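For reference, chains read A, B, C and D in written order, and residue numbers begin at 1 within each chain.
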Amino acid sequence: MSEPKPLSLYVPEPEFRPGDKPDFSNVPIPKAGSVRKPEIDVEAQDIHDLAYSIIRVMNHDGEAVGPWAGLLSDDEVKRGLEDMLRVRAFDSRMLKAQRQGKTSFYMQALGEEAIACAFARALRPGDMNFPTYRQQGLLLSSDYPMVDMMNQIYSNAADPLKGRQLPIMYSSKQHGFFTISGNLATQFIQGVGWAMASAIKGDDKIATSWIGDGSTAESDFHAAMVFASTYRAPVVLNIVNNQWAISTFQGIARGKAATFAARGLGFGIPSLRVDGNDYLAVYAVAKWATDRARAGLGPTLIEYVTYRAGAHSTSDDPSAYRPKEEFDAWPLGDPVKRLKDYLIKRGAWSEALHVQANEILEAEVAEAQRQAVKNGTLHDGPHSSARTMFEDVYKDMPEHLVRQRQEAGV
Amino acid sequence: MSEPKPLSLYVPEPEFRPGDKPDFSNVPIPKAGSVRKPEIDVEAQDIHDLAYSIIRVMNHDGEAVGPWAGLLSDDEVKRGLEDMLRVRAFDSRMLKAQRQGKTSFYMQALGEEAIACAFARALRPGDMNFPTYRQQGLLLSSDYPMVDMMNQIYSNAADPLKGRQLPIMYSSKQHGFFTISGNLATQFIQGVGWAMASAIKGDDKIATSWIGDGSTAESDFHAAMVFASTYRAPVVLNIVNNQWAISTFQGIARGKAATFAARGLGFGIPSLRVDGNDYLAVYAVAKWATDRARAGLGPTLIEYVTYRAGAHSTSDDPSAYRPKEEFDAWPLGDPVKRLKDYLIKRGAWSEALHVQANEILEAEVAEAQRQAVKNGTLHDGPHSSARTMFEDVYKDMPEHLVRQRQEAGV
Amino acid sequence: MARMTMIQAIRSAMDNAMERDDNVVVFGEDVGYFGGVFRCTEGLQKKYGKQRCFDSPINESGIVGSAIGMAAYGLRPCVEIQFADYVMPAFDQISQEASRIRYRSAGDFTTPMVVRMPTGGGIFGGQTHSQSPEAIFAHVSGIKTVVPSNPYDAKGLLIASIEDDDPVMFLEPKRLYNGPFDGHHDRPVTPWSKHDLGEVPEGHYTVPLGKAAIRREGAEVTVLAYGTMVYVAEAAAAETGIDAEIIDLRTILPLDLETIEASVKKTGRCVIVHEATKTCGFGAELMSVVMEGCFYHLEAPVIRVTGYDTPYPHAHEWEYFPGPARVGKALKKVMEAA
Amino acid sequence: MARMTMIQAIRSAMDNAMERDDNVVVFGEDVGYFGGVFRCTEGLQKKYGKQRCFDSPINESGIVGSAIGMAAYGLRPCVEIQFADYVMPAFDQISQEASRIRYRSAGDFTTPMVVRMPTGGGIFGGQTHSQSPEAIFAHVSGIKTVVPSNPYDAKGLLIASIEDDDPVMFLEPKRLYNGPFDGHHDRPVTPWSKHDLGEVPEGHYTVPLGKAAIRREGAEVTVLAYGTMVYVAEAAAAETGIDAEIIDLRTILPLDLETIEASVKKTGRCVIVHEATKTCGFGAELMSVVMEGCFYHLEAPVIRVTGYDTPYPHAHEWEYFPGPARVGKALKKVMEAA
């Protein structure tokens, strides 16, 4: 036996802290088009490599290349670009609204807009998303009224959720958007349950579950993996790896080892890793995974490699824990700029059209905001009646709550 | 887009149910000696194959072969055989004691004795096990007094746990055996925390965590994997895959996909799969993994492939859900018989010696039982004083408990 | 009318509910092929197929979390947690999710579902097969909590719970599965076949949630109890000869405030009995309800008889269990008080 | 003596404890490099190194579960749960494990550890950043629960908790981090630098667990409160002119029964205030303690003023929060009662 030697605790550290000059040249980024595209009925064990690589479609020259390319027409791509611009315009205005005191809190999706926007286009009416707080792109790429999102953010009299929820915790059954929880990861297994229900009923709807890199550490992530694999649920399990979980880098959730996608392999779940800032690649894997689910082939795990360009939320200041320049140095670039370059390269878009599209979208957002403000803002009201505070706790108000409501005099 | 088609829920089923004739000839069993032995500082990614194979040392002819063989002297192996026989004798007598009403409950380790007995020999004083209820072999291979185990089982006046715990939920800090919980999987992460503490203090002690196949589905399994990989804790994570979790077969915990060992790869944790009924193989992997941990190389995940030959507990009757003949058909055989054959083949053992050893051990167990019974049994007492019921809830008894104890008149 | 044990009655409730409504599904650890460690779901998989009654992985958060998703889809899951002691890993999904889906979505999503679990001690189950967690459920707004005390109620309440549009925690006192138990552990157990409340209709019926039952009318003191403690209270009343009015709450939440208040106002005295630990147990809430609603009618301080504030011990099960002697003592004390 | 905010006082407590005892380690989500989302652990990693203060994965069960293992080893972990609302995934490890290791091993293993968590509302945090789970902790035998109301106590109680040999849940009312808050949300906040209890020694001292503090002596009615509600009660007393004796419990469990009983016996009246939901909240236990210990001294029914039995709403935060108007109303009502 070897001699006893003192142990020590390893605590992972990100490569760069404030003051450092970020340099990601050692992060392996496979060439666009270089990752193979298997049939949807492939077995997990035959595509282990896809969990350790990055599926990419757009190359540096703005061309779509390789087996995952060629799924979307120029018009569809233009719509995608508009979707992302809409999210960005919406986020920027709501950030400002929070600073102006119209509401208490906001969370933007800056830098990762491609993921929700592209995924939304692979879904069908009746499918259900179980999102986190950074998938506003799912709603903003659908016909959900933007003004209702703002009403919710302002907790005003027209808020569909009656002022009960923290801003951005939207809910819309009709638009396939499950009520967001403030408690991380709980939705991941709920989505699996919803998908199981569709299978139990012999329906054809599928579910998607969403989670952040940091939140994969939560135990409900495991519950979702176990149930999805055991019952081969028609669900797409999406991990948005934007490198950060508030102030902790992704290494705290995975110890610098393996990839998040690789977590699926131990469950026999086909697992893909994709460039999350590449709209075309995200759409392609979303299509592949939703096709699998619809065909009864079971779950897929997808890790989107992206970067949280903004602060975690309006309560956060990232300059305390990471260099300001990280996003610029980030090797996968800006999803909006990349898709714009692609369209321009194809001759389907121009700088002028881009400016014009942005103006139209900003006007759309501004107009929605004018409408929303009419319904009130958080601190100035009006709000839903205080009576609504006691409603919907149960379907019918039980006696003890009736008494409490009476005591409150509402 | 493809046409919508009705989905259906997949529910895994074991191959054989009562009435079926079990036939495991399609279960792939690699030849003894065929799996390679890497250096202990290997990276997880370079030994993926070891999570999908089965490390085996003893071949059909009772010879130890291959790179994992050759670690134990004949005397050590004889001691190992005795350890297993002791567990078997102990279990059989305690099962009977339960039927005689001396206690409320018992759980045996029949068929999987090799795992705890062999692992115990790779540990050092000061190491700590975080066991489940089927690792009595850890204690019975140490110098922990057998009579104290029985006192605990009988909840009698000499029970070191003062009658507070369900039978078999032993605890002994001195003997490296953490207090067993009735709640599955909680200990898996606790063991990781203990190992982290050793690393934090710069000590050289390591921990082991134990879990069953069915319990890997619990969320604390995930917590343990995340923490162990993030902090590279000096812990060995042991999964005893005995094919059954009460009435559900292992497919319910993993959807017939991959292996339990493969769960480790997504965390970058080196993961081994081993023949759990091969004492020599178990010892070899235990040695490899504990050496890794002691060398500061971090956690190892080990899946022991074995079979729960007995009922889940004295409250269970497996004939309701699996064929009685399954254990006989089980391709990895009986760990006791296999080790005995090995020793006989080497000329270090004989049928006569075996009979004799068994007699000695049975006498040892019978003698311990005589001693234990003197201290009382569950229904006849004596027990610890009822006053002890109020002690050790807190270090010092708070006022409200003092009042309750007074009210109880004890 | 058939005679049923509580296990048979519970099984019959699920059977009826599954027969009437395709959306009712049943799952949990060992509940599928085997039919549950207490056999409550025996035969359901055979009758309704593996898509509607199936085994689950051992992950309580997953069981409840997936049930939430199913309920949001439109199903009515009725899941089993093998012992109430093992519901804690699911407490986040229960207290932060199931309980609030309706509220936080303003009624857009709802999660009708039942979480069944055997509760309580008396079977030498030690600290992890004996607990009674009803108080922590009662503290969570948005869920209902039910504790039946006999086969007739168990079936009627379980069907009502499955048909209810809110999430229901359904706690089954396992010591009552085979017969009423009055705490006299050294006497033979009466089987349900010899008890009136063991008479259970084969068909569909409901016992409404939120309505208590008066098990024994009485004038001198009100006893508030549920589950196993109903029989303990009956025994204590018989043995002390005190004319107690014994109320079986049946539903912990919503609570039948009117029945409680009317009875305590009538008797002027009250004893509260439960098996769970004392501090912040449901008895504390009952105390408060009596204080708030009946203070001016009280002739003596209300007394709680409960499990002690310790883990449930194995060897000292009968010292721990609040049996008829302890309840009888409280009855006498509350009667002696000025 | 320095003036400190409650955040600084809490940080100072950990700093002192880490300095005196190498076995004290601090970890949790974002607590390492960044120093915690409320900045309570700022600077500790720099001072004591990454082995003693570090970031954890986002898994509350893992945080508490690993702390149990560390404590069993001999460390004294002091971990942070980012918001009390997020402690539920750890409730199994708390209620079934940490709380019972000493008991079930008959003292062979012990788990001294502190679980810190910001609690309560008043910061527009909505239903998942506002909850007060103290009642469910109080129901668990084997753990202690502490709720400080000011910087001086926060530091002294936290050091006492870290030095305590039992597991302690340490709930920090986040609305008090920067100053006392009396519920008048429309008035400017007084900072701790202007409050006596913001005077905090730099060095080591303890405030003992289990001892309440009388914040205001009074003759007419006893108010039982803790955390933020202490200031709301003070405001209500001042505004109604009722001579209330305001007791700051400080430790929820073990409870200072003697101080409570002595005060209620003296005043004969009692109002209980907390922010958590009403049913089975800690107020129910307080009701029971008063009923059991002071019944014959009571001149009026005790009243609870609490959060309503609904999730904590975002827009209606101030309608939900039990502010001075509601407490004042209860004080008047209890005084009017015969």
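The working rule: a residue touches a chain if its C-beta (ideal position, glycine included) is under 8 Å from a C-beta of that chain, and two chains touch if they have at least 3 such contacts.
What you see is a predicted model; the values in this text were computed from it and never measured.
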Listed pair (A-C, B-D or A-D) duplicating the B-C contact set, over half by residue number: A-D
Most distant chain from chain D by Cα centroid: B
Between chain D and chain A, distance of the C-alpha-averaged centres to the nearest whole Å: 36
Separation of chain C from chain D, taking each centre as the mean of its C-alpha atoms, in whole Å: 31
Distance from chain D to chain B - Cα centre to Cα centre, in angstrom: 41
For chain D, residues that touch 2 or more chains besides their own: 51, 56-57, 59, 61-62, 85, 88-89, 92, 96, 103-104, 127-128, 141-142, 253, 279, 309-311
Set of chain B residues in contact with two or more other chains: 8-9, 11, 162, 164-165, 169, 181, 183, 196, 198-200, 217, 219-220, 222-223, 226, 230, 252-253, 393, 400
Touch list for chain C against partner chain D, complex: 61, 85, 88-89, 91-92, 95-96, 99-100, 103-104, 127-128, 135-136, 138-142, 253, 276-277, 279-285, 287-288, 291-292, 295-296, 298, 300-304, 309-311
Residues of chain C that touch chain B when the two form their complex: 29-30, 32-34, 37, 50-51, 54-62, 85-86, 88-89, 124-129, 278-279, 308-311, 313-316, 319-320
In the complex with chain D, residue positions of chain B that touch it: 128, 130, 160-162, 164-165, 169, 171-173, 178-179, 181, 183, 186, 189-201, 207, 219-220, 222-224, 226-227, 230, 392-395, 398-400
Contacting residues of chain B [partner chain A, same complex]: 1-2, 4-12, 44-45, 48, 124, 196, 198-200, 202-204, 217, 219-223, 226, 229-234, 251-259, 262-269, 291, 294-296, 298
Footprint of chain D on chain A - complex, ascending: 8-9, 11, 13, 17, 104-105, 155-156, 159, 162-167, 169, 181-185, 214-215, 217-220, 245-248, 252-253, 315-316, 320-321, 378, 381, 383-384, 386, 388-390, 393, 400-401, 404-405, 408, 410
